Structures are given as structure tokens and as C-alpha cells.
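Before anything else, here's the structure in question.
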Amino acid sequence: MNGLWKPLAPVLACCGLLLAWQFASLGLKNDSFPTALDSLRAIPPILTDKESLINILASLRRMAIGFALALSFAIPLGLLMGRSRTTAAFFNPLLMLIYPVPKAALMPIIMLWLGVGDVSKTLVIFLGVSLPVIYHSFEGAKAVEEKMLWSGAAMGLSPPERLLRIVLPAALPEILTGCRTGLVLALITMVTSEMIARQSGAGNILFNALDMGQYDTVFAMIIIIGAMGICLDAAFEIVRRWLVRWSEPQFDMPLSFS
Amino acid sequence: MTRTSNDILLGAAPIVLVLLLWQALVSFGYAPPTLLPPPGQVFLRMGQQLSSVTFQQDIAATLFRLFAGFAIAVVLGVSLGIAAAVSPPVNAAVKPIVRVLAPLPKVALYPAFLLLLGFGHESKIMLVAADALFPILLSTYYGATTVEQKLIWSALAAGTPPRDVLWKVVLPAAMPSILTGCRIGLVISCIVVFLAEMITSTDGLGHVLVTAARTFQAVDMFVPLITISLLGLILNALLQGLRAYLLRGFPSV
Amino acid sequence: MGVTPIRPGQLAGVPLGRRAATPIIEIDHVSQVFKTSSRRDHTALSDISLTVGEGAFVSILGPSGCGKSTLLYIVGGFVSPTSGTAKMKGKPITGPGTDRGPVFQEFALFPWKSVLGNVMYGPLQQGMKPAKAAALARTLLAMVGLTGFEKFYPKELSGGMKQRVALARTLAYGPEVLLMDEPFGALDAHTRTRLQNDLLDIWERDRKTVLFVTHSVEEAVFLSDKVVMMSRSPGRIREVIDIDLPRPRRRDELLLDPRYQKYIVEIERMFDASGDNELPS
Amino acid sequence: QQTIRVGWTIPAEESKYWMMKRPTEFPELGKTYNIEWTQFQGTAPMTQALAAGALDCATQAPLSLSNGVVGGGLKAYIVAQHVYEKPGGFSVYWAVKDDSPIKTIADLKGKTVGISVIGGGTQGPFNMLLKKAGLDPAKDIKLVEVGFAVSEDALRQGRVDAVNMNQPFAARAEAKGGTRKLFSLSEAMPNIVHILEACRADFVDKNPELVKAYVRDITAGMKKALANRDETLKVVSEVMKAPVAVIDTYLLKDNDFGRDPVAAPNFPAIQKMLDIYAETGMLPKLDVAQFKHPTIVAPIQ
Amino acid sequence: MGVTPIRPGQLAGVPLGRRAATPIIEIDHVSQVFKTSSRRDHTALSDISLTVGEGAFVSILGPSGCGKSTLLYIVGGFVSPTSGTAKMKGKPITGPGTDRGPVFQEFALFPWKSVLGNVMYGPLQQGMKPAKAAALARTLLAMVGLTGFEKFYPKELSGGMKQRVALARTLAYGPEVLLMDEPFGALDAHTRTRLQNDLLDIWERDRKTVLFVTHSVEEAVFLSDKVVMMSRSPGRIREVIDIDLPRPRRRDELLLDPRYQKYIVEIERMFDASGDNELPS
């Protein structure tokens, strides 16, 4: 029963959501809110079109680069902030000042230096992803049990080594939560970064359709992006499980609403 | 006392550096003032704007949407996250739905929100809530699943009904993680409320920016930008204060 | 000599109570197998049967890793055994209850609550008025020697202090059965002796049942009616020894009692005799 | 081989769509020069991109271009024109529901009115018409941004009392019925120029031959677009990702915008629009001559 | 009798070494004050002076919460004292070093490493070849009786097993000075005795210096050259007692030695005599 339910649950949830959507749109009778069926029907033409596929792949490439850059920047910064009060005091206000600014509003200035191409979009993705990763790494590093660090220090680990070999693994579960949120944000910023200026990409298809009022294509794209999200998330979950198998809870929580 | 004042000095340093860099970019001609006005001019204009009633109303509108959306996200995110962590049936229902909904680009749904909820507060609150919800939910879920088992056992043995264990043990024990999620959710709320106002609105800071951008009023464009980032800073400082109070028992640096 | 080794098989149905014959806890052919991360099965307890009579003070002795804590978790209802059943007052144990109060080896204090808050938790939970709960908590904290530390948070306490708070927290809500996992392990001899006496007082006065894990043979003999000796072969009961010493017990009197010393020597010899203790399963 | 960075948008730039989708049909494109295409959402961001030097040429509306000149220090030349409102053809209009009590412009007082872009090209003539009807555009109506694509739905849902309509959405709404035209922009002035092609002045001055080639290709593209409607339908369908059937309802028909056969900018009409903007207080007075390059303007032989 | 109480003041400069007179650790008027969450000052150590000679085995006894762990942290260089200085080989201690190896009361194992990984960690860190480090780790794990558990993760171990892994982990990288905080606290008597003997062997063979916190008077006397008795008034040294028993020591021989019993009784009496132990500061 349980073994069967696990892989089936997401499928069932998808079906449930699609059904709810179908009825809601039938009830609303609104051109900008097509039925689930219409949207699903619009998927194959997109996926069989070579240009669309190239578009989507281009987006994914930008996302991968932005995501990788963000991780390699945000994790060390977050860990450093978590273990050093001074670093945290130095960066915290600055980050808090920079992050709430919508990147779309800064586009004119970003364009000035980076143009309208891949670089500025990758930058936007990078910024979107790094926020949760920085803060989860930060809090994760803060909560690392001090005596573990002491043990490492006594074994001759230098401060940078301690950061890499003790704080990083100890904070890994929390960092990975940040990465997971970051992955979702990467997907979303990947699309929104193509809202204002675009050459190719999944957002290109989506916003074109939006401009043209072709809502079945809009929602078909949303479904496709959602599906990509599910796949990426599932892949990430496998990696995560493997990385933090040492921290999985030993017993199920003995709580239940029933 | 000295520690906090030190921290403030340290935190101010990079901000001053950024301002200097900004000024230098303008002074040395790396950016034309029509795109990047000098900081002095922006702050001067901001001072004037802050005392104008219409601008205050815009700030109020933005703040209201921000708080309302964020509050919904916190309440929903925390309760769903904890429920999913402790109850297998809820987990089975929530987890797949979250996996499906989390990666959806909510902005693309904004036109639909507009039609369903109108051009006023509701559609923006909805968008903010939809975007801020998932980081909070995920962090809560993570925090709640990693609660030390023996804490729950202790509480159960002390006679806490399973239902109460949720908010008497799981919630406080997951609090560090939840607050991290809230912090991210708060920043995302700031971004999204502004973005929504930029896309379609009749008021709010984002609207002020768009109007200025359309007519190439660079200084007026930067005033709402600086305002939102200062709001972000202040709100975050408040959240940090709350965090320090709530987590005083937990280990920290 | 009074020490009669009993084979586990014979045990079922023979209550280990001192004052009453009613069994309160019945453990019947319980086994516990863990799945390790390397996906192998690891047997922590195998075929344990044990009956504890109401009001009995039973100590569990055994080599490190033999399954003592696991056994307490099962009685506490925190873990359900892989096979076999555990009953409390004749009813199968399906979950934790206020009738069984655990003191964990790792203390498990609530880090977000002060010392006072931790100790008050149980009484408040059972509907006691805050003022009364605070007074009770203060009394217990005084008993464990922690007056003045009410406002400290667990992270600010030493190991032994945490252990004493954990003890006070469980005593505060007055469970019928105490499940104590090395509750005095981190304490100095002086504090330990004091708390042993206090525990015996509470036990006598409130007619509690105690299941007590310890590594000190001397402590086990001093406190208990019965000593359960476990071995790791893996996780079996080796012997159950009746401690036939008069109550109330005072250590200085007992020290002069040859039977007391004999119990200790006897039990220690039994341990030494078992070669299997150091072999991992 | 040189590259021009060109910004574009949808809809109504058929000659550029031809250049994108059928580059082999052009004599110079891809041979003497290349184009790096970037699509934008509306003309205002492209004005910013031009001002920031991130684009060399882009589709512009007279208003956004003027805003760039006044506020952003942009210097640019108008080198070609895409669409305008030809008399008898389509004119952007405001629609209300059939059963709406609003009968005249004056009835809009106190109502919520949708416009595609606040401060966009249509707002000048719109403000002018409101003024003529005795309304203060700033106080008497509540203006809200509603993109053309959602206009119809916003109106039918009752989110707005009146909303502006553009092709192809107007054709779709009309086919469905239930809405009626309240007034159109042609009532303010004829020959409104909606979108044109502009290039940064410094870029033109540095690469005159390059821009000439580009402008020649735009003219060629316009000719192809007008000459071969069936192929144009396909090209537009590829660009907009919209089915041919939808585009066929209006494109290059009588109910469409007008297109100059050689994509020549109508400078007098643009000047008239600038005058309207000045009159309604949206911009200071501007002279169209500053946008006019002596030689580089469609058609180039 | 050999027990000469020494006032802390007299101590500075008097090395407590057995085999050598060179002082290796010098603690000079060290105090430690903590800021609690309720923003009050709490004194954990006040004016501690102590010199440990090279190769000495020094035990620290004291009531729970008197500052024993804090003292070890200071010598380890993990915490810098509020006032006073601690020196190692004449140089002020400014931070942790591989020359001083701690075994923490809370074990502090790396949860993401297996048992073997934890023990191999130090040797690998010091550049040992993985194969050699693994062999060394296996030897040490065999010594602490954990053969067969190499692939287990810390969360899958019992309390006593974790403690033994922590011990093996520190021994693995061979620090000159061992700072051991109740390293046998969670072990059964049998395992404890074995490990005591193993520890003494290593100490004799590798000429290490050991600072050893324990709650067992018997253990302190059996192992040490000197016993430092602390009291909580707060966190002071009350007495330092030389244990003048022959080496190598065997417990069965010592048990027959009246001096051994006398040391134990003497020290226990000293503890009982101090009324201040239960008073919080």
C-alpha cells in the first residue's frame, strides 16, 4: 500500500489539481482562463517545435549557470557569515538593502554595462537564487555545535578548513533546504528575467503568448515549467537524500491528527 | 552595547562604500546621470517626496499589500509545513501539491489574478502570498522534520496531547528554521509587491517607479527604489529583533 | 545468599514486585531490529520477557550498547518493538502516556525554555495553576540543588546540571512509572548519593514503580528490589537477581551489611565471567 | 561583417518579421551585415536600452522616443515607419459593453478606464479627446493599465467600464459581440503614427553604410509583406506563435492599420502628434526635424 | 599518608609531574565569567592557579557545575579566560592545537561521518595515508570494543558507544596532552575498567600528559598522580592531593593496598565535609 502510494501520490495530486482547474475554468467562462484540457492540448505543438525546444534549452542553460554561480558564491558567504559575527555584521545590512530591489527595475542600468543578452539574465537568476542559499547557509552555520568545531581545531584544522570540512557538512541539511528553495526561485527568475527583454527562452514563449492573448499556450507553458520544476526537484531530492543520509530522522514522528 | 554599536558601524561601512561607488560611477562618467542620477540628488528628492501626502499614500498602499500577503504566507506556510511534517496523511496530500505549485512562475498567473480579483489590493496580496508561501513552507517543513525525537517524546510523556505537541514542541523547536524561511519570504514579498505594482497598479511604490520610468525621470525612478530597499532593511531589522528574542535559548555565535 | 539466577524463559508471569504481586509492566518476547544506513539489519533486543510488579524498583545493568535504552523506549511507548508486545497494567502499550515518565540519557531539555520553564512544563500541561506549578518546580529544583539557576537556559548549564533538570522535569508531573536512563550518570558522588536518597524517598512515599538503567553495580544494589542483568548476544536478559535487603535503606548502615557487599561482588563477578560482552553482534 | 543590435516587439512590424524569418530573401542581410535580435515588452524599455547603448536600432513610438530625448538625453534618427492609422482603416478605439450606460466620452466621468500603457503613445490623443469633452484626464477618470490582450476580458468581467482595443483582439471581440465602440483615436487626429524604426544617432553617424543597408532591407521587407499576403500570414504566425486563422481575420485587411509601401516615415504626422503631446502637457514642444537624417531615411535607393 | 592539602596560592610553580619536573601546563589566576541570557554575570571559575608537569596524570574532581569542563576548555584553547593566563610549554595558549586533544563530555562526533570516518579524521588530517589511517582506526576501535560498528553513523549508536568512538577519535591523532571530560561516564563497570587499563598503557608507553575530569573518586585515585579537588564557591581549587601509589598499577593489587582505600575514604570525606557544594553561586 505504502510502496504503491509513494510514486502515485504526485500523479494523483497533479490529476486533482488539473481537475479542480478544469471545473474552475468551466465555471468562470473566461477567455484568459482556459480549461485544463485546452492547455494540455497546447503542449504537444510546443514540444514538437524545434525552435521552442531550443528556446527552452537556452533558458535551462542560463538557469544552470546562474544556479551554479549562485551556489559557489552564496554557500561560502553564508557559512562565513554564520561563523563570524564580524562578517555577518558587515554583510547583513548590505544584503538586506540590495535584495528587496526588484531586478526588473534596475534593468536599464544593468543593460548599460552588461547589455541585454545572457549576462544580465544570468545575473538576475544568480541574484534570485543566492538569497535563500545565503540565509539558509548562514543560519545552518550558526547552529553548528561548537564542540564539533573545537574537535576539528584540536585536530589541526585551520579556520578555512574548518569551514569547509566541519561547518559545511554539519550545516548541509539546512543549506540544501536553501538550495531547494533556490532551485524553485531559479526556475521562476529564469522566466521573469525574460519578461522585459528576450532573445530566446521559455519565458519568451510564455510572455509572447501572454502578449498575444493566447492563454492556452500561456498555461501550457506554465504546465511545462511546472513539470520541469517537479523533475528538477525530484532529482535534487535524490541527491539531497544521499548527501544527508546521516541526518534523516530515525523514527517517524509519533503524531497524527487522527 | 558596544557590540551592537560596533555591528552597526560595520554594517554601515559597505553601504557607504556602495554609495561612494555610485557617486564615482556618475562622477567619472561610467553612467550618464540620465540613467543613474547622483545619490545626493536622489536623497534630496526623497526627502521632498517623503513629506508629500501622495507619496506617503503610495508607501502605505505598498506596505499594506506587503504585510497582508506576507502574513497570509506565514500563517499558511507555517501551519501547512508543520502539519505536513507530523501527519502522514497531510504529508501525502500536501507534498505532491507543493512540488507541483512551488516551481510555477506566479507572475505569469498575475493576469488571471487581476481578472479574478480586480486591480486593487487583492490581486497583489494574492501574488505576494503565492510567492512568499513556498520558501516559508519548505523551511518550516525541514525544521519540523528534524526536531529532536526525544523532545517530542518528553512532551508526550508529560501529557501533551499529540495535537498540542505541534505548537508546544514542534513549532518552537523548528523556530530557527521557520524564521529563516520568514526572512527569505519577507524579502521576496518586497520584490513581488513592487513587481506587481510595476506591472499593473493605480498606486504604490512600483507604480511611482513605472510612471517615472515611462517619462524618463531618472531621479524619481530611484526614489521608490531606495525607499523599498530601506523598507526591506527596516523590516528585516525588526524580524531580526524578534528572532533574537524568540531564540534566546538556542545556541548562537 | 538470596541471589537466585533465573533464566529469562522462566520469567514470564513471575512479577518482580516487592510490595505487591500485581504486574504493572509486562514485556513479552520483545525483539527490536534496526535498519542501519548501510541497509543491514541490526538486532538491538532479542526475545526479551520481563514482568515488573507494581511498586517495584527494578534496575537494569548491562554492557554499553546491549539495548537498555531501547528497552526503556519500548516501555515508554516511543518505539514499537519489531516483534513481541509490551503491556502496561494489562493493556498493550501503543504510545507514550503520563503514567510513564522517561528521563533520557541525553536529557532532551527544551532549549527554548528556561530551567524553570522546563520543569513547569509537565504540571502546566496537566492543568496546574502557573503559580502552583512554579512553586512545585522551585521545590524540585531546590531538591536537585539548582536553586538560583531558574532563569538559565539549557545551553548555559553544565552536563550534570542538565541531567538534574531533566530529572526534576519528569518528577514534576508525577508519573506512576519512572523510566530512568542513567539519571545520575553525569553527577559527582556527593550529589549522586543525595539524589539517590531523594529518589528512594519519593518512591516510598508515592508508591511509584521505577525502571532504572545504571552502570553502577553498587547503585543498582543499593536502590533496587531486583537487578536485571543484560548481555549483548545481542540484547538478552542474562539473569534477574532479587536484592533481599531491608528497607528503608541507609548507605552507611548497608556498608556494614555483609549481604550488601556480597551482592555487589557477586554481580561484578558475573559480569567479568561473561566473555561475550565485548563482542559486537 | 558588422552586426546591428535591433530591438523589436509584437505586433505590427511585418517587414522586420520577414527579415527574421526569411533572411535569405534579402540581398544584404546576412551577407554584408548581421542582426542580433532582442525582443522587448513594449517600446518604453527599448527606449531605455537605446539610451543605455544596449541597442543600436529599435522599434519606437513617437511618445517613447520623445521621452527618451527629453528625459534620457537620447539622440536618435527616425529611419523608417511601420504602421499608422490610415483613414478608413483600423484606429485604436475605446470600447464599452453593449448594455453600458456610457454613451459619450463625457459619460466617462468618474469611471474606471483601461489603457494599454499609462503614458504610452495612445494617451496623448486620448487626453485630447477627454479635454474636448470637458473632462480633466488627471482627475475625472480612474485610469488603470490593462494590456491589450486582457482588455476584452477586463471589460466583460466588469473590472473596467471602458477599455482600449487593438488588433487582433479587437477583431476577436467584435466577432464575439457584446461590446461597442465608444470613440476612436482617429477622432483626435488622422494619420496617427503608431510605431516607427529609430536608430541611435551616434551609431548612424559612425556606420552610415551599415544603417543604410538596414533601412534598405526594411523597405524591401515592407514591399514583400504587402506583396505576398499569404506568406506574410505565415511569417507573422511563426513570430507570434498564433494560428494563421486568427491573424487572417485582420492582417493587411481593411480593418488593419495602414502601412506605407516603402516604409517612409510621415514626418508631418509625427510633428502633429508631438504638438498634441505638448498641448496636453505631456512633453515640452519638440521639432521633428531633429529626428530626421538628411540621407538615411526610408526609402533609400 | 601522603595527602598534603595545598592552598591554591602556594601552587604556582609547583609542578604536579610524576616523572619530570618540567611544567607543561601552567594556569595562572584564571577566572571565567559568563554573561547569561538574563544579562547577569555568572562566575564559572574564579582565580584558578595550577601547574601540570610533563607526563603527569592529573584528575579533576568536583561537584556538578563547578567549572571542570570550563577549565578544560581554557586549557584546550577553545575559550579564552576572562582574566588570567594559561600557558602550554611556556607559551600562552591562544587557540586549539594538535598538541592538546579533547574528549568532550557531549562526545561531539561528526554526525555525517561513519564511526570509522570519525576515528580516521584526525590521522588523515595530519597527512597519514588512508589505508594506514583506516588500519590505525580499526585497531583503536577494536580496543574500545567497537569492531563491527565501523559503518554505523553516530545516530545509530548507544550513548556509551558514542563515548568510546569519541575516545578513539582523540587517541587516533596522538596529542601530547589529553583533556578528557568524563570519558568513561557512560560506560558499564566492565568496559570502564578495561579502558582505564588501556588508557594507562598508552599513557605509560607514549609518555602523555593527561588532564582527566571524573566523578568517580575511585577512578581518580586509581589513575592519577595528583587529584585536584574543586569546589563551587564558585569554581575554586580546594585541595590538590598527591597519590603516592606504585606504578604500574593493577586494580586487584591495589584493592589489597590499604593506602589506596585510605585515599578514597579521605577524599570522599573531604567532599562530604564541604557544605558549600549544593549552593548555587
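Letters are used for the chains, namely A, B, C, D and E, taken in the order the chains are written, and counting of residues starts over at 1 for each.
To be clear about the criterion, a residue touches a chain if its C-beta (ideal position, glycine included) is under 8 Å from a C-beta of that chain, and two chains touch if they have at least 3 such contacts.
Remember, predicted model here, so these are calculated numbers, not experimental data.
Visitor: Count how many hops through touching chains it takes, at the least, to reach subunit E starting from subunit B.
Guide: The least step count works out to 2.
Visitor: Report the pair of chains linked by the most C-beta pairs in contact.
Guide: A-B
Visitor: List the centre-to-centre spacing of subunit A and subunit D in whole Å, with centres computed as mean CA coordinates.
Guide: Roughly 37 Å, centre to centre.
Visitor: Please compute the C-alpha centroid of subunit C, do the same for subunit E, then give the distance between them in whole Å.
Guide: Taking the mean C-alpha position of each chain, the two centres sit 28 Å apart.
Visitor: Please report how many Å separate the Cα centroid of subunit A from that of subunit E, as a whole number.
Guide: Each chain's C-alpha centroid was found; their separation is 48 Å.
Visitor: If you look at subunit A, which of its residues touch at least two other chains?
Guide: Within subunit A, the residues that touch at least two other chains are 30, 32, 108-109, 112, 145-146, 195, 207, 210, 245-247, 250-251, 254.
Visitor: Give me the residues of subunit B that touch two or more other chains.
Guide: Subunit B, residues with two or more chain partners: 35, 111, 115, 149, 153, 156, 213, 248-251.
Visitor: Note the residues in subunit D that touch 2 or more other chains, in rising order.
Guide: Answer for subunit D, listing residues that touch two or more other chains: 48, 51-52, 147, 149-150, 153, 157.
Visitor: Which residues of subunit B touch subunit C once you look at their complex with the stated criterion?
Guide: Its residues touching subunit C are 148-151, 153-160, 164, 168-169, 172-173, 175, 246-251.
Visitor: Okay, in this complex, where on subunit A does subunit B touch?
Guide: Within the complex, subunit A contacts subunit B at residues 5, 9-14, 16-17, 28, 30, 32-33, 82-86, 88-94, 96-106, 108-109, 112, 131-132, 135-136, 138-139, 142-143, 145-146, 173-174, 177, 180-181, 183-185, 187-188, 191-192, 195, 203, 206-207, 210, 218, 221-222, 225-226, 228-230, 232-234, 247, 249-258.
Visitor: In their complex, what parts of subunit B are in touch with subunit A?
Guide: Against subunit A, the touching part of subunit B is residues 6-8, 10-15, 18, 31, 35-36, 83, 85-90, 92-93, 95-97, 99-109, 111-112, 115-116, 131, 134-135, 138-139, 142, 145-147, 149, 152-153, 156, 162-163, 165-166, 170, 176-177, 179-181, 183-184, 187-188, 190-191, 194-195, 198, 206, 209, 213, 221, 225, 228-233, 236-237, 250-253.
Visitor: Which part of subunit B faces subunit D closely enough to touch in the complex?
Guide: The touching residues are 32, 34-35, 111, 114-115, 118-119, 199-202, 210-211, 213-218.
Visitor: Looking at the complex, which residues from subunit C come into contact with subunit E?
Guide: Residue list for subunit C touching subunit E: 34, 36-38, 42, 61-65, 68-69, 105-106, 145-149, 151-153, 156-161, 163-164, 182, 185-192, 194, 215-217, 268, 271-272, 277-278, 280-281.
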